[in-house]
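To keep things simple, chains are lettered A, B, C and D as they appear, and every chain counts its residues starting from 1.
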């Protein structure tokens, strides 16, 4: 009997590892790589006027990471996406807080690596890849983050959660939405759409001006998406009325 | 009997919602997001000479939106595409006018959001993302819009309607055709190819110079495509002769 | 009996149309749209130093056109590709000359449309999108065209003809190879890789300097690919030895 | 009996050809084309400040080559990738050294072709596409190569070897990771991530400053990936514990 019980024990450990530990580690590692590439591409872009470099780097890194890690953790790498996925029925509650903590930690590690490898004077010129508000009207900046995050989370929910519209190309769609949004709103709010992307460099560069915008805007956008998907856009399983 | 009849009633409501209301709302929301990203990317591009930013932003936003919403509404977001899809047998007549109205309204809302979030002086410099004719010869500009829309609607009809050549990559093909066309004709006519994209910012910025070109050109291009597909390019089901 | 014979007659006409007429018309139309977008993107690029605009426009337009028309004609739009496809067993001999003539005619029509819609002074500055040799050493330029066309036709043969390595993503692979090659060799030889792309604008702009390079280089590259594929890279069906 | 034995003999030759000779030739040819496009795009980029041209050219060329040749050799074109694939269970030991030699030879041939076709003064200005360290702190440069190669090889192992996360889009994911990494670290270390890419141009341009970094960094990154995949990220078949 003992060997059997031992095997059960191992099976249980393996299941806990695969269901809870591995996904959280994947969220940490993925957010780290995303923030490392994102911050470095912004920092390297100083002096040029166009948003191409950060727009494409953020979008491609995110698309590739979701493609690789989506089967394990869902591939969120973004607290607003995790919240939205939970509220639309795409993940369990138990993982929500651990995911968000893993993402915030991953953002800090990624931003630290960016700081480590980039020349200090370049790093300083770009506030370490932390987000800088370019307008005085903070309501406007928050609104911009909200609309863009709404677009992003809509693509997550429709492409990866809602059965009727699910597609294996969802990872690319999500990444390329980030690219399009940075082209659209990069000069207004930085087109962050991701509290972990904002938090990591803010800690490492100790730059906290208007940091709340990058939590309020993305979470507001995620809640807008939840409303749209749950009431209007979802299929009969996702929608909560007219089913 | 009453509960059964009530259930019938609910079923009927659900069907009407899914067949008519949801698609129109999706066209409105999708066109809004497309025009918001499109206008913002044009406005943010002022001062640079290249068309990369608007070309890539328009193309990727459109590709992603069609990928997400194509299963629900077909993912037109463009009156010329809706007309062409109807005439090639890809949608029912009943939805044509509601779709076009939803797209025009979506264009206005998207352009309003772009106006709301962008700095006023930047907004003014770029005529609010409204299309500006760069040549004095209006026939030439109309011809350019016609050829480019012909290319775009050809990709819609061959990739998404004509059975022989249908492909799940059609959304990306359609979006990337827009990108290629903006690289080709952005400096001639703005490479609009979409009356709703022209109409929304025209209302919001009150800029109506030569606005008719962005209806006549795209609709002419769509009719050219219908002729090609119905007579030459379609398969036996789509072609109206030699079958 | 007569109605049956009439029906046979129609069937025969339909078959001839679908096997010979439709593919040639598709090659003409596709090459026209490719050359129109290609020439216009080059012409619109004058004054900027980078190759991004023509590289991406040529690549995307080609990828989309092959995705749309590949099921009908194979989607060559390039005499060197047609030659290579025939020699690797990917098309029948009867279509080779009609395809090449259709591609040359398509190139002329596409270049004419580019001339029609672009401002005359811009058109003149860029030699109408015709290819201009940037080096004095013509052997070097021919070698560059040969290597790049070898890469391009290798992707065509391995991705679309050779069974072992065929992929539904071949159209995108072919288009993106053109993009990569223009980034690599655009400043040496123009990275044409396509006699029809060279011929059309040469006729319309009456610019024939070193035009032979854009036939000799690409055809040489295609023959190199045929050698590699038939002797080394092909699967047992394609390879002509060790099978 | 003799004819049968002769046929056996041919079969054996064919098998050896297909299992050992063809894959090595494919690695040589693929690395040659990758390094040719990569070096030429860097050389043609001199004078512009942005990394777009080399980032996109390297990424697309690599994606296309893996898509074409992955079925034959795995499509490594990179000694660090071959090492990582072997250690994660994705290739047999017998091929490891021949692959690495083929890749180094391919890199030399590709760099020679780039030297042959590019104008000599342009070639000299860019050190022939060889990698140039832009920082004095060599540990930092090595760290940057290590992190970026970790990202790249992670995508290789998770997308192409680990069963749970395998995807037919892996070739594009791998290529686009290279693009994102060049945007991120191009200005620090050149974002090489590939000893063969460094070795070829170093031989041809005889430029050996700090060449060891492009072996130590990528191999370190590959070993990091092996650790992560074997202990944490792999599925039950790939993981070496908790199975």
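As a working rule, a residue touches a chain if its C-beta (ideal position, glycine included) is under 8 Å from a C-beta of that chain, and two chains touch if they have at least 3 such contacts.
These numbers were taken from a predicted model, which means no experiment stands behind them.
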Lowest number of touching-chain links that must be crossed from subunit A to subunit D:
1
Compute the rotation angle for the C-alpha superposition of subunit B onto subunit C, expressed as a multiple of 5 degrees.
90
Interface overlap for subunit A and subunit B, more than half of numbers shared or less than half: same or different?
different
Intercentroid distance (Cα basis), subunit D paired with subunit C, Å
29
Approximate Å spacing (C-alpha centroids) for the pair subunit A, subunit C:
41
Please output the residue numbers of subunit D that touch at least 2 other chains, ranges allowed.
50, 52
Residue set of subunit C touching subunit B in the complex reads 10, 13-14, 17, 22, 25-26, 29, 33, 36-38, 40-41, 44, 47-48, 50, 52-54, 56-57, 60-61, 63-64, 67-72, 113, 116-119, 122, 168, 172
Subunit D contacts subunit A in the complex at 49-52, 55, 135, 140-141, 143-144, 147, 151, 154-155, 158-159, 164-165, 167, 169, 173, 176-177, 179-181, 183-189, 228, 232-233, 236, 242-243
